[in-house]
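Naming follows writing order (A, B, C and D), and every chain is counted from residue 1.
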Amino acid sequence: MNITVWNEHVHEREDGEAARLYPDGIHGALAAVLAEAGDVRTATLAEPEHGLSADVLARTDVLLWWGHAAHDDVADDVVGRVVERVLGGMGLVVLHSGHHSKPFKRLMGTTCDLRWRHDERETVWTVAPGHAIAAGVPETFVIPEQEMYGEFFDVPPPEELVFISSFTGGEVFRSGCCWHRGRGKVFYFRPGHETYPTYYNENVRKVIANGVHWAAPTVVGAFTRSMKGPTPPMENLGTTQLTKDPSLHGK
Amino acid sequence: MNITVWNEHVHEREDGEAARLYPDGIHGALAAVLAEAGDVRTATLAEPEHGLSADVLARTDVLLWWGHAAHDDVADDVVGRVVERVLGGMGLVVLHSGHHSKPFKRLMGTTCDLRWRHDERETVWTVAPGHAIAAGVPETFVIPEQEMYGEFFDVPPPEELVFISSFTGGEVFRSGCCWHRGRGKVFYFRPGHETYPTYYNENVRKVIANGVHWAAPTVVGAFTRSMKGPTPPMENLGTTQLTKDPSLHGK
Amino acid sequence: MNITVWNEHVHEREDGEAARLYPDGIHGALAAVLAEAGDVRTATLAEPEHGLSADVLARTDVLLWWGHAAHDDVADDVVGRVVERVLGGMGLVVLHSGHHSKPFKRLMGTTCDLRWRHDERETVWTVAPGHAIAAGVPETFVIPEQEMYGEFFDVPPPEELVFISSFTGGEVFRSGCCWHRGRGKVFYFRPGHETYPTYYNENVRKVIANGVHWAAPTVVGAFTRSMKGPTPPMENLGTTQLTKDPSLHGK
Amino acid sequence: MNITVWNEHVHEREDGEAARLYPDGIHGALAAVLAEAGDVRTATLAEPEHGLSADVLARTDVLLWWGHAAHDDVADDVVGRVVERVLGGMGLVVLHSGHHSKPFKRLMGTTCDLRWRHDERETVWTVAPGHAIAAGVPETFVIPEQEMYGEFFDVPPPEELVFISSFTGGEVFRSGCCWHRGRGKVFYFRPGHETYPTYYNENVRKVIANGVHWAAPTVVGAFTRSMKGPTPPMENLGTTQLTKDPSLHGK
């Protein structure tokens, strides 16, 4: 599996606390999480084409996205390329403040707005214990220091809802959400903020690794992406015929 | 609309606090909520056939169910009759401890287990603001005194998740859940306990009334319930033919 | 209920067959379907702002959309306005070739591609008989002359799948699909083509009328659309307190 | 992975055509499909406890179920054991006429009725090309000789709908359906009949193998199945604390 971790990489270069927590950038911390999951590369906003050339994307099975301060600086043609690749089968794992990133909003079709407040305790609950993304994750775990995200989270109803969080202030949030878009899969996971050591939490890391595995593509070029002109009659389609074995079936 | 409110009616006859809160029984309090929604009758465990004869059920559009202490005392043939009617189109609104009732468990196919603890504050959040059951309900409301119900709530993933609750202890719960079963609809709503005045809360009452409207049947005898023998070729089905008007279409 | 029927109104002015079938335009035929459902206005591409000014949209509860030949001619600011209103609560009913319209594609986040071929017989099957949109619709009905649409239909998995169609060529199509987006609802219904008298079919008309009722908004200004700045602590939220009646509850 | 293939094994012993097509029983043909997926055992109705002792089930990760003529002969205590294991995490793959089997009906909570007719051609369409169960399966494939199953299929709306079939007679069927129940997963796949060589079709075999992989459990004993008595306050829960590294975080 080829994994690309994208991070805008702004806070860790400008904010003392973020720099101390994530000396190799959030992308560096996330890459370390996924070292055993496949070949991991990183890409950041400052690189040419934000590090997401057509070639890089073509070779990416799952893309992770972390952004916060610079969503508007992501070029629209790169966003279009990412969306196109997701529709074609690439997995997309969106983390925390990436809820307002351009690719996520384009794929959701909604505002992706939510409530927020700093300095809260988060309690994460597994509500789909049989789901692949919950594998090895306890029924509940606490992250002591977090930014609160609260409902209403303006996304399409998740097709699979894996985690719900509560916060000290009484807010709740659908914090682990799955969608299918085209041939691709999208997983959003809430925890994480540049001024908290969230990405060193063992359960958070487990969920992210599980999410990458879940989002990995299962289709390799089997579908034609767009259909120009009318569809020919069935006889001309590449249908699979049952190979009748006369010795097995007398009719 | 014909509404039947079923209540086991045990606590209110045996428990001082429940009797004081619900002098006419929980069914009486719920019937008052629905007075404007249609013709409301009540039925209780102690009545013959628990007040749910085949005739009563045949004339019921939506059935509300409240039970807690006496789930096991509900006769299996009555349960089978209720389930059959839901599959045939009757709406079912299950409240609070009704999560462990026989009809609900039969229709869900799961244990319907959950966590619980007394004396908690509940905060209800609307996560589907466009849903009919959320009409007129605020983004969030607090019920100061409640029994806590916590995840994992062992039900099939709700087809439509309308409300999520949090509790002082940090627990969360999918507290407003919709499912379709056969031609019927099922709505489960969490709040309510015999020792708290939950059913006098204006938002709780609004949700229950909305839930009854949502669960009301839209199909009246259009489908044959079971199909014996093979299906005849399409020519013999009662299909609706387009009446071609030669003056409109030249082909 | 205020209903606006939007139609690009190109074929009926340029194509002899379409003009003969729909002398008042497809919007005229659809408006007739909905005469009893509420106040119906129509709007077309050629009007200023395509007939969809901010004022018209603000007063529209449900918008129907028919387009085919001129999707690209719809101005992006009008599209943005429509999408914004859907997210705010307006219902949207998209018909047939509207699957490639800009508002629908924006709300879905996918290509909305499909297979197609002319001159087919369509058989529509109800797969959610208890759904409000299936009310009064038979288990199955045939439309003798149709354009075929076939899978894979590249939309997000419908949250509620009401109808599936088959065609003479063996293709299938999820032909009645429901989604929630923001506070609004979207219903897509497949049948209909400018060279067939589809919109005179009684079952097609019934489904469209049901779809408009289902999509009607249930929320009137209850939610703040976007949240600027952090959310204050719960004490400052407009939560609804239970009015405790001391005579009812001794605690 | 430990796989158990259950087959009532009645037709292949009594019917000439079935015996010729499946000389080792349908369970034998299915076991051959799964030889590379894990350790495969088979079990049949005639064995003690139908070959599904508590011990066998405890060691089974995924159970396949084929039954048709003898659903009523399956002992209720074995059915209860199977259902309990699914709720605890075991995967269940139900094939063809297994739609009327006791475990499937118990887990669905509905009648699972459908239309049917012999001697039809089935065309299977992939409607979720990114789903793990569709991996390597073409957009469409034809099975020349099949028993037709038609809608309305009285099951809860599938959480994930992977395949839809059409038949020569114009019928459609949701032929590949996924549900979660408790900690377990259920996959229903339509094709297959004792008098047709369906289980030698390469695409059918691929789907069954994919379904087994999808249904495999991801949770190993992480959840307590039932909760007796009230839940203690959060402090006593086995929550995972973030190990704060003072050198990383100054607060």
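Note that in this section a contact is a pair of C-beta atoms (placed from the backbone, for glycine too) under 8 Å apart; a residue touches a chain by one contact, two chains touch by 3 or more.
As the structure is a computational prediction, the values presented were derived from the model and not from experiment.
Farthest chain from chain B, going by mean C-alpha coordinates, please.
It is A whose centre lies farthest from that of chain B.
B-C versus A-C: which interface comes out with more C-beta contact pairs?
When A-C is set beside B-C, the one with more contacts is B-C.
Where the CA atoms of chain C average out and where those of chain D average out, how many Å apart are those spots?
A distance of 36 Å separates the two centres.
Determine the centre-to-centre distance between chain A and chain C, using the mean Cα coordinates as centres, and give it in whole Å.
29
Which residues belonging to chain C are in contact with no fewer than two other chains?
123, 128-129, 139-140, 142, 150, 152, 157, 159-160, 170-171, 180, 182, 223, 234
Would you mind writing out the residues of chain A in touch with chain D in their complex?
Touch residues, chain A against chain D: 17, 20-21, 89, 123, 128-132, 134-145, 159-160, 180, 182-185, 196-198, 200-203, 217-219, 222-223, 234, 237-245, 248-251.
Considering only the defined contacts, which chain B positions touch chain A in the complex?
Of all residues in chain B, those touching chain A are 123, 125-129, 139-140, 142, 150-153, 157, 160-161, 164-167, 170-172, 174.
Applying the document's contact rule, which stretches of chain D touch chain B when the two form their complex?
Listed in rising order, the residues of chain D that touch chain B are 83, 87, 106-111, 113-118, 148, 150, 152, 154, 156-157, 159, 169-171, 179-182, 223, 225-227, 230-234.
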